[in-house]
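After this come two complexes, each holding chain A, first together with chain B and then together with chain C.
Our next item is the complex of A and B:
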């Protein structure tokens, strides 16, 4: 059985075992090759897709470079968010302070690009040298009339989760500043969907067909003016629960907007999400339209799914993604294409989700929080996985083992949300698992040789 | 995406837009990966390590292993010593490396962690197992660039391991030390091939060949087979000479080795293109090595190709950006092919860039905009003002190439959107042939695309 780092034993469990309880939301052990990122990363991920704002990274150059257009959060209009802006702090700023550099940068940036708003991200060093970012933001806002919003995202505060919270704080500063006149009762905000590969456009289309208006998208293909009036919506849909549940809770408290946790991945969860929305508004017409929509879309998707299933039946999958809620949808989606999940894990999952996963998965499935490459590769071999679902750092790991891969993170190039997303997912998994290249991989070549013998 | 870039260049005093460099730690990490059985270790927040690994993985398409101190709020107030000690303990216990190469970050530098003192503490309290090593490089992100970080880690390899060795009679073939620069594994492989073919025993540091271009074996290897060994680093003092390829990435390590171990050194330009490779081969020759026919033949093939293709390069305007050592040598090569380097730009600070560029361009230097420590927003503006026929640089050039509809060749680091580059050398004569092929393909594809029906010809 796979060896686990000392101090991490309680972050790994197996479904059906006597102790399904998992320890999570802990700091990574210092010295481990953690797959996790930092607070800044969390904030940047959440706010980045707001396309008509400028995103200024206050710190040395690296933090801006590594987050420059690395995820396809698409915009239907402005593309300001895709440029990389940094104060590029140098040694002299560390010694004498970077406030002047920040103010000058902000002024130059606003003068050049006339954005709707400016988000200013604090990085590790800013927290240590003590620049008063909120004060500079306030000053520049007053001078230019453009809202400049500080994002308190110093990396050392923790993992991405703390960054999500900082991003939600920043969004709360915008929400409530716009006019809500004309917003119908049957309206929603979409939270935690970042429009990777155009996914939010699919969801918008469904909602439109149901007769539900979208007020603001937080933040995929997001616009500052929409976010300002988000408090006028009738319901908040929380899609990526890890990143924006807190925002939904704050909006519920401050503006009385109820929220629903939803997942747009897989047929079950997608249909479930739409029905939950319809039921919330208690409008028989919406419900009727939703039934019609779901039936129509599922009828389009199922043939693709069953065709892929023919080749995938009985294959084994491993999942390691950012949040645990998505992992739940993935286990179900994989089941739909005939695949068994042998490993499921996430960087920043919650106890409740892990408990749910433990019930959902077949007995013996490995469930893991905050893993590392050595562990993951060992789990993959142990579980004889045919497919690995993960992000950028997991891809080469899978390939090195001769295992197929599907990116369910920033680097996905096809929309995986919605009913059509399930079809894309099935096709993509099928394409990778059934690729002829694996026959040359030693793992397969060797087992084939021994079969022949 | 770049449709809003104004043509008029206005002075910016503070703001950086679309950088042409990144921070020191990632360079240090890349260098450290070129030591055999070494675990690069980032002393800072866990995001730094995660970003660096992701970025390196996107270029090399390989797993990249590195550990982190996972700084917390507490560590950034009270210092990172407990994190580093705990981290070293965990990393040695869990991953069993021969060497842990610690790089600092802006955070640990600003709070003032004294790394040598902490390593000393780790030694005296038995955290570092017998026969294992911890080395470190100071790589504050607010100073230099990723190239400086690479250089600093190379210097650390020398400082921690090299000693003066008087007796050099053991070796049958003379030992040549090479600092290859911030280049791909295939480049390091090619440089080694050239130096070994003339009869040297080569100690290359770092050496990522066999680490970041490792074959698929069906199992995960935490430490692939490649990399310079500790033993080799300890024997650097036996070298008859150290060649530093690239003044920015490699010179400092060679100089330190000279000082510490008395190995004479020579700083050469990165052998990109014919002239710089000639100087590299010339340096080998000057050490008494006879140049084998194989190399002479390859050079001859390159010259033959240059003659074949010269008409298509003549007077073509080119813009080149990237790391300074790469840009300088490629500028020379483009000049030698008959092109006019109209804009050359690096994000890395250092006055030597302008000085060297002016030297290379000679009496034609006034035809070229030479921009040091600048960004790609400026490059785009310069190109809008003075258009070019070809753009050569890292993947980040693709936005400009698209906005201005310019043929684009990817060269340098990072390349995030193409495959195979880590396996194909762009250094040496073989690399020059590869570069000509790519650049002329780009130019001629464009010619074909833009030809009228009657100009569109089979034979070019």
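Our next item is the complex of A and C:
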């Protein structure tokens, strides 16, 4: 059995167990080597894809370095978001304050790059040294006419979740400042999709074929001017629910825009999302076009899925991702290719999602919140996983143990959303699980030996 | 920098308090933060778990950055300082963290490094460690878990670069363990930031002269390990505690590179000061001239001649230089990255006939240009040195200098791509190719690999640009 630190005991459970209730949304246990990042990371993740804004990290250099162009969030136009801007605070700023450095940096960058807006991310020490970031932002906005928006993302505030909230607050500062003239009734905003590997373009294409217009993308391939008029849309689609549900709720409250939680991963959830949109607009034509689209796309995808399934039937998968809502879609998508989930966990999941996962998964599936390498590696061995789905930090755990891997994180270069994404996912999983290299991994060599004995 | 300044003597090019950068914000930095360097260094000591006293994000970001280079698990613990700890102090977080790491990893030592946050709120980690070790109030008394060795390095990102953090961590491990004793025949070797393959080669070189080698740190196993059947939370490998203890009475210390922000003391300097171990500082052995300095020193320390296989390795490198020199002549390169690495690369370029027209770094020792001038007087007046620089500046200079090739880490890719020239990937990080941990840079052997890659990249560029499609170059 896997050893779990006493302080984390209630963050691990098994589906079908007497106490499926899980403890989550709490500060990481010190010394646990959590896979989580910080508040700054949460804000940076949500706002980063806005391509025509300057994203200025106010702090010493590290925070800006580690978030420089590491995600596959694509833009169809400007690419300012791919640059890493930092006030690069030095000792003298820590002693005497960094406000002047921030103001000068903002003025310099706005002069050089002519952005539509500037986001200023506070890092750990900014609050501590007492810089008044909102005041500087206000001053520079007044001088330049460019909205400068403070993002209160000091890392120590908590996990990514608090950073999501700070980002949503920053977005709310922009929303409602644009002209909504000409926006049709059948229109949506896409929230919490970051256009990784061009995924939002796939979704936009579906919506176009259905006859639904997209007003603003928050924030994949996002533009400041679109976001400013997002309050004119008829419906908010919330894809990454962990990061942007709060924004949807705020927009509902302030502008009366209803929202739907959707997932674009897997055939079931993708089709379900499109039908939910069609039903929302209560337009028989949209519904008819949606039916046609879903039938056409599924017909294209299923052959790939069934082909991959032949080799994957009965294989075992482990999932550890950022948010728990996505994990639900992954469990379903894995089922579609014949795979059983033996471990599912996330960095910042919610009680409701974990409860749903507990019902969804086969009895005995390990469910874990805010895990770490020691636990995950042990869970992988215990569950005899053939595949691990996660991000960069999970990959070496899988490989070290001779387990196949599928990157489902923000660095991915392969679109996994939409029907085509399901086909990509099936191929990706198949390619890794069925690779001949595993025959050399000691884990397999040992099991082979024991079979022979 | 105007063309006039480009011809300025190297001795006048270092950034001084009087000669600061011309801009305010940093765009696409050419350095990493101090805690990253500390974590990397700690990982090179056997049984040591790196531990950052700060917010959770620092350790996670650094893990991801290093994992992407080394393709190995990289566990860095965090005290996960939150809002209340920021206000009331993080001591209980540190204590809980140390206890938990001890339970899970059973380390010999926990290598603690500070972060911007905990330095700024004034955490006195040294005092906390003393209290952790207290027989009545300490961790063992309270939890029943034996307290491992605890070391601490100050590494606030605003004070320096990853190279400074690396050297600070090495120094603190040495300070905590090194012991006096009868002078032995071992040599302390402080390699600086290099690849796992480099570390293996350095050990081989020193032992080829019959010398024992305390290589500090040595992450060649932990960050370039084998696939296993059962996961090791704390993988084997690294400089042993006994080796670090023996460093206090070694025959000599050799530091390769060691260009650090003023005020950062090197482990070799500390050993000299405390135990009078003679300290030799050499440039990173890249290229024949700089490697000769290293092998000559090994010869002096051992009293042995260069072993035959190494003589041949050197000879083959000379042969290769001659075979390839026509592809190098009149070519211009930009070399960028860590100060120690670019010092070696500049010298290597110079000796094969490539002019390193721009030598750029995010480091700020303030000595880089003078060091390059000292090692390569022939470059004086021909090259520009950019310290405390970023990729916005490097790209701007590159557009004017029109180099034929860039040599540096993977963050230079965009610049090279825009210029339409090859990038030969060296140093840290290499995030867009496999094998960053296996790239060889040091010694005749590393130089051989580097030379082949550089020359082949130049040949390939010429071949690809040619409308003819020569298959015979």
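The definition used in the following text is that the second predicted complex is superposed on the first by the 452 of 453 C-alpha atoms of A that agree within 3 Å, B and C clash if a C-alpha of one lies under 4 Å from a C-alpha of the other, contacts with A are read in each partner's own complex, and residues count from 1 in each chain.
Assume a residue touches a chain if its C-beta (ideal position, glycine included) is under 8 Å from a C-beta of that chain, and two chains touch if they have at least 3 such contacts.
Because the structure is a prediction, the values reported are computed rather than measured.
Chemist: After aligning the two structures on chain A, examine chain B and chain C and state clash or fit.
Modeler: These partners clash in the superposed model.
Chemist: Check the residue A:362 against both partner chains and state whether it touches chain B (first), chain C (second), both, or neither.
Modeler: Once the two structures are laid over each other on A, A:362 reaches no partner at all.
Chemist: Who does A:59 touch here: chain B (first), chain C (second), both, or neither?
Modeler: After superposition on chain A, A:59 lies in contact with both partners, chain B and chain C.
Chemist: Is A:79 touching the first partner chain B, the second partner chain C, both, or neither of them?
Modeler: first
Chemist: Figure out whether A:401 sits in contact with chain B (first) or chain C (second), or with both, or with neither.
Modeler: Both partners.
Chemist: Return the residues of chain A at which the contacts from chain B and from chain C coincide.
Modeler: Residues 5, 7, 27-41, 59-70, 83-91, 93-94, 101, 104-105, 108-109, 123-125, 127-129, 155-159, 373-374, 377-378, 381, 392-393, 395-397, 399-402, 441-443, 446, which sit in both footprints.
Chemist: Help me check something: in the complex, which residues belonging to chain A touch chain C?
Modeler: Touching chain C from chain A are residues 3, 5, 7, 27-41, 56, 59-70, 83-91, 93-94, 101, 104-105, 108-109, 123-125, 127-129, 155-159, 373-374, 377-378, 380-381, 391-393, 395-397, 399-402, 440-443, 445-446.
Chemist: Spell out the part of chain B that touches chain A in their complex, as residue ranges.
Modeler: Interface residues on chain B, with respect to chain A: 1-2, 4, 6, 10, 12-19, 21-23, 25-26, 39, 41, 44-55, 57-58, 61-73, 75-76, 83-84, 86-91, 93-95, 105-107, 110-111, 140-143, 145, 214, 216-222, 347, 377, 396.
Chemist: State the interface residues of chain A toward chain B in the complex, per the touch definition above.
Modeler: So the residues of chain A touching chain B come out as 5-7, 27-41, 59-70, 79-80, 82-91, 93-94, 100-102, 104-105, 108-109, 112-113, 123-125, 127-129, 154-159, 373-374, 377-378, 381, 392-393, 395-397, 399-402, 441-443, 446.
Chemist: Once bound in the complex, which stretches of chain C touch chain A?
Modeler: 23-29, 31-33, 35-36, 51, 54-65, 67-68, 71-83, 85-86, 93-94, 96-101, 103-105, 115-117, 120-121, 156-159, 225, 227-231, 233, 411, 414, 431
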